[in-house]
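Below: a set of structures, written as structure tokens.
In what comes next, subunit A is part of two complexes: it sits with subunit B in the first one and with subunit C in the second one.
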Partner chain A sequence: MKLRFFILVSTLICTSCVPPSKIIEMQGISTILGFDLLDDETYKGTISLLQFDRSQGKTSTTISAEGSTSKEIRQRLEQQTSHDISSGQLRTILFDKQIAEEGLFSFLDTMLRDTRINPFIFLAITDKSEETINSKEYEEFPEMGSYMYQLLDKHEKKEMLINSNLHDFISALYESGIDPTLPIIKNIKGEAPFIEGVALFKDDKMVDSISLIKTFYIKLFTNNNAFLGDLTLTIPSDKLEKTGVLISENAENEKYKITLHPINYQGEIEVVNNEIVNLNASISVSIIEIQPSASIIDKESTRKLERLIGEELNNEFEKILEELKILETDPIGIGRKIKSLRKYTHLSNEELSEKYSALKIMPNITVEIKRPGAVN
Partner chain B sequence: MKSNAIVNAFMAFFIIHTSQFGMGILGAPRIVYLESKKDAWISVLLSGIAISFITWIMISILKQNENRTLFEIHENLFGRMFGSIINVVIVVYFMAVHYSITISYVELSLTWGYEGLYEWVGVLSLVLITIYGVSGGFRVVAGICFLSFIIFIWMLFVLYQPLQSLNLDRILPILSTSPTEIMNGVYKSTYTMLGFEALLFLFPFFKEKNKVHLYSQLAVWFTTFLVLIITIFSILFFSSKELEVNIWPFVSIISTIRFPFIERFEFIVVSIWIIVIFPNLCISLFLSSNGVKQIFRIKQKYGIWIISIIIFICSFFITKRVDNDYFIDKVAQIGFFLWFVYPVVLYGIITIKSKIVGRS
Partner chain C sequence: MKSKNVFLDYQEIRTILNDSPDLMCRKMELGRQTIQIVFMKNLINQEVLNEYVIKYMQTIPEKHLNYTYLVNNIPIEEIKTENEKNEFISSLLKGFSYIYFLNEKKGFMVNCNNTLERSIEKAETESLVYGPKISFTESLSSNIKIIRQNLNDYNLCTDSLTIGERVKKEVRIVYIKDIANDETLNNLKERLEKIKPDNINDSSVLAQCLEDDHYTFFPQLLLTELPDRFIYSILNGRIGVFMDGSPVAIIGPANFFSFFESTEDIYLRWSLSTFIRFTRIFAMIVSLFLTAFYVATMTYHFELIPSKLLIIIGQSRSQVPFPPLLEALLLELLIELLREAGARLPSKVGQTMGIVGGIVVGQATVEAGLTSNILIIIVAFSALGAFLAPIYEMGTAIRIARFPCIILAGLWGLNGIMISVCILMVHLLKLTSLNKPYLAPLYPFRKEDFKYFLFRLPHHFYTKRPVVNRPKDTIRIRER
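Moving on, here comes the complex of A and B:
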């Protein structure tokens, strides 16, 4: 009995033999990390550290260091602070455009190996990450890292941004037949950094960017369960008149603007045959704004309006698809869908991208107007 | 012969299931995926069918030798000398299993949170707690299995969160790999599935012997089901290259789970996993010390201490990832021949012998 008690006690003691304890006052909690390319081999890393020392007025400091790998930069950053830099609360990593154009993959290796880094960390592209992190404009948040995280998180959940965290990025990067996207952060003096657009990648290299609003179409097919942002369409009034929508009498505008709020949607990539791929999507929307005011009265006019909106969306989507095809990037994942078919499953990456540029991609978006708001 | 039946038959479900389910599952999706790619789940299913069949064979062997463990069957069948040689092999196998579980858990916890700790500290704490569990006898081991099951099983429900990251296109087309690759996958899945062999040694401890078969089948099918679910989940969750590089895909899936009150859920899971592997450790130590008792005719508690000391000494030598990998791979290979092939052979020998004895 005595022996068993001894064993139990030593089990408890053994588990306390953990490596150096971490005291919160000693921690420099990094919340945002940015990389800039200086020349061929050297990068500059900048971090913002959250500090818990009450006696100091400011809640954060930013420090920068140069080095050739991200861990080397980290070591040199440690030289500049008495705090222990920890990356458990790291929420955002920024890359400048040059690095993005040369390829991000070499940076991501360390993020995967390090288990302290959360897979939900956001990645973003900016012009000069050092300046962005050093910017003093961050609304009411204590420091830049928290602001940036809230900005990206809110946008991903509520607006049009495609998932852009580390896990999604790596997942898309490693998969054949889909290319990743990342948000672009713009920093202007005197303003809080904001999202400017979305960067398109071919493999791990940034090739171009599109506006945030256009990612609506990509999100339709890549994520089944996301929120889509509102969509504003401009429709010439003569077209609108044909649908039988009651236009207010005194208005003599040539164009009408309609803002739609998607309620739910379903997107599906359909491979018809060797050359044609259909992108079928159905969106149910509610109308939240028509300028100038007009009213939708009967079933017939609703159906006509639905068709009209659908056409408008298809036209715009077609343009975007053309653009993507020229850039040879496939953020929608058409290649992945093709590869999941038995006929094409053995295609290599090169063959797949060749096939992609030869494809005829037909957008086919149908819209259903669920409700026109509180007024008819 | 005195009967030492001390636990109910339904406990067979918990004992066999928990002794199968452990460290293997964390890495199994990757190991199987490396062989049979998108059809890894078919390999798992086939392996489940094979195990179900072998469980039936095992029960048939045991029915003819009620109240005997495999160690005693060996002595009875091959004589004291030759039987003991086979028993030594089995004891060494269980020691190797014990060490492979210990070291892989220690390695996991060093990667997720306890970096910088010496391996032997981790091994020592696991070894001590296992001695504590096994010293209580079989009834305590059975209790540990039951509790471990209850404590673990809720964890499956947190998997609702990564559901939205799944992509069905990743598993299609079904059956795109060759039969050879699928069979290789079956072979590789054995390390995860092993553990059902405990039945051969624990059968005398169960009360209602005719019900044990039913509960063992339930246990192996439940394990197959869990492994199948986790494998399919991993295939749908990761893109192919990503799955090939993640050493513990299951932990990586868990790491995308978060709650408002806890951000890094995987650290909790890695810590709780000690409860999942605890039955594995207890059963392998119990069986190997039982074997030592049978071979050398000494008290079981000496066996427990000798084996634990050997395990502890090992922890100074086999600690690197590559060595561990090699070691676990070898354990899996030997396990395959011992428990997938050997029971069938043994069944053949026993049937032939009983025919000869019956005739004369």
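Moving on, here comes the complex of A and C:
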């Protein structure tokens, strides 16, 4: 027994069966990585490395290199530092818009194959990633990588973002009938980078962007547990009066602004027939703010307001759907739903997208006001 | 059985004891009788000899001055005759006086010994906040007295044995007859009989001789100087062993978790004691693996460190010239040096030692850039963790077991830690204490014993004695 144990240990030690050591201070620990398109073939990669020297005031250094593949860039980056560049702490990868418009797949594929890169790494689109990474504005965080991670993580957990990590992106890409989305980071001089909107993709190519607020409608149908975020609607007062919700006391051309806080929601894509798809969703909300102040007390007018809000939402959603259809992008996953039905399983991706553009999509959002006048 | 008594006269005794200057002989001529009283000068209580032996013999009528009358009537509690020369001499050396009738060529021994002993004091190594503070002493008879006083049960047995070829020491096996498991008891007795050294210094040496596995780091028998712990264990079906001349009692069978329990756990409220017990076990795990984990993450797995912490750790490591493994071993060694120095020094110097070691050396090594301050915290934390084990022996075991873990972590990172966990678990599973599994109640799984060894519940839950000790009488509180 002891002999056997001894042999086991010595086979491990004598054959150098030891993992390569990565002593922490020898590592150039990258926290954020950005790619920019220079011209047709060359990309510029920028990387932010943690910097452990206490005598220098800063906590990170940024280096850039050019190359035609991400691995070539990495190789050239290695030439610029005495540290061993490692991606174990990499949390965010930025792409500039040109690369996104050309297609991200070739980059992401190699990332996904790299076991040292976490598949839950965040992806984002920005105007010029080098500038964003080089920006010195990162609130109280020690360096840009942590700031960007916190920014995206908070938004994903708290409000607006549809999932935007590498894993989600690739899975949406490979799945037929749904297109991925990614957040767009805006970098303005003197300000910390912020999320500007959400990029829409057709396959792996960015086609357009929508505002964060509008992702509300997408989340309704893609994610059952998302935090929807508050919704502010503008309704003219005469419309309110006409439907008899309340009687405006002030001037005629006034507009009421209502902020709703969704409590609960359920979205469902209903394929009615070959041509028509219904997007049914029911949301229960509480009204957290009305400007100017007005009180809705009786049940009757609450029901009327519910109908009114539902209409407003449907109108807006219809516009968004039209846009999406024109762009031939399907972030909601209507194609996926269609394909999941038995009679459409044979459809190829092309047929599916043809079918998508020909579809008549009917939004059907119903709202239920659970708590009129709730204060946070 | 009829055996021949040994009767030696003064000259014979003198030759056997190599003309010891301590050997005294008082010759008395009372009427026709000549009586020799032989004793060792320093070992007897002179008062007893004067008052109850010499004076008594002077006052009784001459016709009674013979062997038979005196054996029956001398006013001393313990008298005896011996069958063997060796026993005879050793009794004399224990403080018996030998009364020899020259005419009859017969004699007997009376006990008038006067042993030196410490008064009963507060426990030193196991100190308590609540509960009785009394501790055992070096005297076997006072230890038995303490136990008898506190455990008034006629079933309390104190079987006597003598151990040691040259220096004979009395050993007492203490148990409660209708609770203690016979198999364990016989096992213990067998082992005790097998031990044949010429001398056993202390009961801790005896415990080492009694252990199942002599090579392991881990103690398999509890050593305690607290009577209340002893009594508590015995009432739960364990068996205790006392040795003359040692203030430490041995308790067995013990399991791994019993080294983390203190009698204070019973005295405190259940919520606090449960919390403290978990803390101790947590501290043990921390003490074993925290430094190893540091070494592993610093050398191989920086990915695991949260990014905010990473910068702090990276900054503190950036000036250190050694690889993490060497750094950790150096610092652990430093702590061990300090600890050992502190333990052997008088308490006043020991304090200064602690300050010099802890603050000055610690601070200086960090400022010189020899170690990172994060590691100082970690090493201090794990050193502290080892002290949390209420039984000192377990603390030392953890101290030593830490080093293989650190080295394995340095070789193979987290895999190394995993390997050391596996080896440790297999080892603990294989260990036994008096043939009872060491890792009980985890393995074999005894759910009902968890309340004894892992946590604590309010006292009315303790209706049954722990199963792992296999008591004969399992019920503690009989329901009416």
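Following the convention adopted for this analysis, the second predicted complex is superposed on the first by the 344 of 376 C-alpha atoms of A that agree within 3 Å, B and C clash if a C-alpha of one lies under 4 Å from a C-alpha of the other, contacts with A are read in each partner's own complex, and residues count from 1 in each chain.
Simple rule for what comes next: a contact is a pair of C-beta atoms (placed from the backbone, for glycine too) under 8 Å apart; a residue touches a chain by one contact, two chains touch by 3 or more.
The shown structure was predicted, so the numbers you read here are calculated from the model rather than taken from an experiment.
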| item | value |
| --- | --- |
| Partner chain(s) touched by A:Leu50 [first = subunit B, second = subunit C, both, neither] | second |
| First (subunit B), second (subunit C), both or neither touched by A:Arg91 | second |
| Which of subunit B and subunit C A:Thr31 touches, first, second, both or neither | second |
| A:Glu175 touches, of subunit B and subunit C: first, second, both or neither? | first |
| Subunit A residues touched by each partner, larger count belonging to subunit B or subunit C | B |
| Touched partner set for A:Asp153, first subunit B, second subunit C, both or neither | neither |
| First (subunit B), second (subunit C), both or neither touched by A:Pro142 | second |
| Touched partner set for A:Ile23, first subunit B, second subunit C, both or neither | second |
| Shared subunit A surface residues [contacts with subunit B and with subunit C] | 18-19, 88 |
| Contacting residues of subunit A [partner subunit B, same complex] | 4, 7-8, 10-11, 14-15, 17-20, 88, 112, 115, 118-120, 167-168, 170-172, 174-176, 223-225, 333, 336-337, 339-342, 345 |
| Subunit B - residues contacting subunit A, complex | 111-117, 121, 124-125, 128-129, 131-132, 135, 164-165, 167, 169-170, 172-173, 176, 238-242, 245, 252, 255-256, 258, 263-264 |
| Residues of subunit C that touch subunit A when the two form their complex | 297-303, 305, 307-308, 310-311, 313-315, 317-320, 323-324, 411-413, 415 |
| For the subunit A and subunit C complex, residues of the former touching the latter | 12-13, 18-19, 21-25, 27, 29, 31, 50, 52-54, 59, 86, 88-89, 91, 116, 142-143, 145-146, 149 |
